[in-house]
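Labels A, B, C and D are assigned to the chains in the order they are written; within every chain, residues are numbered from 1.
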Amino acid sequence: MREADPGGHVGVSVESASAWVRAWADAIATNKQALTKLDSAIGDGDHGTNMDRGMKAAVDKLAGSAAADVGTVFKTVGMALVSKVGGAGGPLYGSLFMQMGSAAGGESELSPEGFATAFEAGVNGVVARGKAARGDKTMLDALLPAAEALKEAVGQGTSWPDALRRAEEAAREGMEATIPLVARKGRASYLGERSAGHQDPGATSSHLLVECATETLAKGSS
Amino acid sequence: MREADPGGHVGVSVESASAWVRAWADAIATNKQALTKLDSAIGDGDHGTNMDRGMKAAVDKLAGSAAADVGTVFKTVGMALVSKVGGAGGPLYGSLFMQMGSAAGGESELSPEGFATAFEAGVNGVVARGKAARGDKTMLDALLPAAEALKEAVGQGTSWPDALRRAEEAAREGMEATIPLVARKGRASYLGERSAGHQDPGATSSHLLVECATETLAKGSS
Amino acid sequence: MKKLINEPDDVVREELEGIAAAHGDAVRVSLDPAYIARADAPVAGKVGIVSGGGSGHEPMHGGFVGRGMLDAACPGEVFTSPTPDQMLEATKAVNGGEGVLHIVKNYTGDVLNFEMAADLAKDEGIEVEAVVIDDDVAVQDSLYTAGRRGVGTTVLAEKICGAAAEDKRSLHEVADLCRRVNGAGRSMGMALTSCTVPSAGEPTFELGDDEMEIGIGIHGEPGRERMPLEPAARVVERLAGPVVDDLDLSEGDEVLAFVNGMGGTPLIELYIVYNELRKLLDGRGVRIARNLIGPYITSLEMAGCSITLLKLDDELTRLWDAPVVTPGLRWGA
Amino acid sequence: MKKLINEPDDVVREELEGIAAAHGDAVRVSLDPAYIARADAPVAGKVGIVSGGGSGHEPMHGGFVGRGMLDAACPGEVFTSPTPDQMLEATKAVNGGEGVLHIVKNYTGDVLNFEMAADLAKDEGIEVEAVVIDDDVAVQDSLYTAGRRGVGTTVLAEKICGAAAEDKRSLHEVADLCRRVNGAGRSMGMALTSCTVPSAGEPTFELGDDEMEIGIGIHGEPGRERMPLEPAARVVERLAGPVVDDLDLSEGDEVLAFVNGMGGTPLIELYIVYNELRKLLDGRGVRIARNLIGPYITSLEMAGCSITLLKLDDELTRLWDAPVVTPGLRWGA
């Protein structure tokens, strides 16, 4: 059973959703070189730059808009990513946020269940767009386990911060598990066996996304 | 007065002229990298390769022909150089040998005076073709002093080997004296002040030519 | 990083400004969203052809905009596919009422962004067909992977489809032709050096002084295999061998032979490669009926080359020979 | 040394074989003595134009043989001027009875060998005029030195004189025109990297990772000055400034702006350079009426660029626009 919430509410507001987005933008900026380096090893060395350009645009767009509901926050971010990132990352992360936004709908605040459902919808959006599966050595190797862990933890009544922490752990494991894999999707697949031994850049940026959730979405809860 | 010649004759025969050419070809081959390196510093890095290609062709041509006189030996070499070397070196060394050949005429053997005169004519051919003067940092800085020293020594009745040695010394001094010079002719002149501090490649190959003379033309004399 | 640029972030915009200034008589350049279109676009009654991809492959694609080739090209950031809004605007700008063909190189990013753009264009009532080029035999094809990359055949497809569109063929016909070119063309590339993405500032990979990378793509991705340097004759065998096999070329076949420079390799070397290629093809009885030699689909300043062979028939040859007037490829006018 | 070659000694011969195989319909290649001539040479009643120089500058000169440009080109070894017998044979091959113009870049070797060739040709009764191109403002001109080098203006002179020869102008007129182009064109170049002569096997000079060389020639000769890397805008000032000054360009003048790649610099950077150049010229009220952007007079795989400005008048513009059909430059046909 979920613990009582002394702070009054548990969940994801327009403010905390925006804070999450900003935190991810910061994390991407901080890790820009590292992401690009990972992408240089098995891709084309632009993942950090691309995501940084896109997330800076997303944060700007968000600041300029007065989103009244969580769905609008996510859709704004998704559209910014689609129109500013390009590459594989743009449409994929764009789909993640746009589908999350659709699932979130017009709510001004999402419950933990609501967020877990929206996040799952977003991840399914990535699957639908990119047609990759778990084990293909992509961002989905971090996103799918995170979505599942979050849903399960919330379903089991785990406290909201703990549920987010479990999602982060799942994302981290999934990210690290990409290291030995031979890529089957994305640019790394061109390398065949040579793609093994390197961590997937998209899984790494996805882990950052979930990690930022533990720091921002749990705010205001015990 | 010239010393008595116990060996019977002093001078330059078809054989010794040919030996001189072959010795220079060998010296160029041995110093190919070094010449090219000098040319890289203040030119375009091809002097060693060019001269090696040309002298190999000259030696081949000489072997294939049965030159009956010294003039023909030199003209054969000059024509091979003109048609195989290219660059500045081709026409300049070509002129040297062709003019030497003209001056040598149909003699089957040149006296020391005859050779000194022919060599001077050759060097003047280089002057006429390239319009450079002493101090311009070119091959002439080795050739002109060598021709003068040879002429003077022979005129003074110095022994033939000693006369050749004096010519070699003059060529060496002239070659070394190119180091501090700022080039006024050839590719090195494009460098302006930056050409100072480097030895001229053409003066270096010219010194080799005179050095080979001391080893080959003095043969058969005391 | 040694490049003639100003700020890394401004590379693509400044390049586009340069193209606009240099070729303003022939092309129209939009900076935001970024695309290059024929000055006379849309051409009424003609199928429009749009391509695009990351920048850094110049002259592809922007240099191929003009009569007889592309109607528009969308340049992304360096090595990053462009975005759907660029493609949508370019598609709208060149739609002459007969629909628009998207020629897409098979990279996840390019395919996904062009898919989104096609959906948006269809929403606006524009008929769009997309053909994905996947001609790189260095990559194993499979249903379960991203499949082969799109490389050199893209240039040939753009030229040939451009000629067909000038002939006023229908969208469906031009798209079919494009698929046919894709089926008849195969490529493989190699690198002597890596390249440096301006925003990364460092070479994408490191190669020893005596090493080369075989089976590279056009984005500085490492290749399939790293090995000691070899003479040009042997390199050509490594590249052309798999291409000839994959195309199943046999005695009497005619091909277009395309020897492409990766950006940092000068023409003198490409002619030596071409010389080896013609000897190899001679030996198999394959006739080179047409050729293209030069840096046409590049990877920034990478040194290396790729070989593309396109099996020709009379129709493809005729369309290849048709006039083309672009900054990057020009003949017949 | 990383090059797509076989043996260093075979580079030029194999390149020529490649050119013969690729462009056999348009040019005739003689391997010994080495020269490339128009397939239809000699053209009766037309002045023949012959140029030549060391190899390693491709497409110059061999790539400029064809209608509207050169009748023949003589390739020397890499960076080594060709020999008189090559020039003589080429001159004989293209003499259509109206005499032959030799376009010679001002390097001691080129000048001396062409002088000898002209003497030999005259002995055989062929009228020859030689024009020496010396447009490089990086080199101080003086009566007592070898004078300025011949660089980018050579390409423009070959194109413009080629057009005049097609118009059936006399040898004297075409030679005068060539001198006029030489007087109206000035260039300056820079290098980001050195280049490696195949037979030398090592870079001709060494440049630090953060250094560039200003005022280079086209043979890997070191330049006038070595300095820290700078943004493209500043580099363009360093190159174009002296050119504009030397030509004494002023408000209202029209120029042909030629941004040339040295062999290892990709097109994307050349467009950025062009963009800076047009801003600089805009600022001085000089109008770019024509442009040429690409690697046309190269220095093997050297990274860098040169800028050439040619002051235009109506005649030069018209001759520039005239059709040209060569492997390296083509329009109007």
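In this text, a contact is a pair of C-beta atoms (placed from the backbone, for glycine too) under 8 Å apart; a residue touches a chain by one contact, two chains touch by 3 or more.
Note that the structure is predicted; figures quoted are calculated from it, not measured.
**Student:** If you apply the touch rule, which chains end up adjacent to both chain A and chain C?
**Tutor:** none
**Student:** Measuring between Cα centroids, which chain is at the maximum distance from chain C?
**Tutor:** B
**Student:** I'd like to verify one number: the distance from the centre of chain C to the centre of chain D, where each centre is the average of its C-alpha atoms, in whole angstrom.
**Tutor:** Each chain reduced to its C-alpha mean, chain C and chain D end up 29 Å apart.
**Student:** Could you please state the distance in Å, as a whole number, between where the Cα atoms of chain B are centred and where those of chain C are centred?
**Tutor:** Result: the chain centres lie 56 Å from each other.
**Student:** Go ahead and note the Å separation of the Cα centroids belonging to chain A and chain B.
**Tutor:** The mean C-alpha positions of chain A and chain B differ by 78 Å.
**Student:** May I ask you to sort the chain touch graph into line, ring, star, complete or other?
**Tutor:** Graph shape, chains as nodes and touching pairs as edges: a line.
**Student:** Kindly provide every pair of chains that touch.
**Tutor:** A-C, B-D, C-D
**Student:** Write out the stretch or stretches of chain C touching chain D in their complex.
**Tutor:** 2-7, 11, 14-15, 17-19, 21-22, 55-56, 58-59, 63, 192-193, 209, 212, 229, 231-233, 235, 263-276, 278, 288, 291, 293, 295, 298, 300-301, 303-305, 330-333
**Student:** Enumerate the contact residues on chain C facing chain A in the complex.
**Tutor:** Per the stated touch rule, the residues are 33, 54, 76-85, 107-109, 112-113, 115-116, 136, 138-140, 144-146, 149, 197, 199-200, 202, 204-205, 217, 219-222, 224.
**Student:** What part of chain A is in contact with chain C in the complex they form?
**Tutor:** 36, 40-46, 49-50, 53, 82-92, 129-130, 184-187, 189-192, 194
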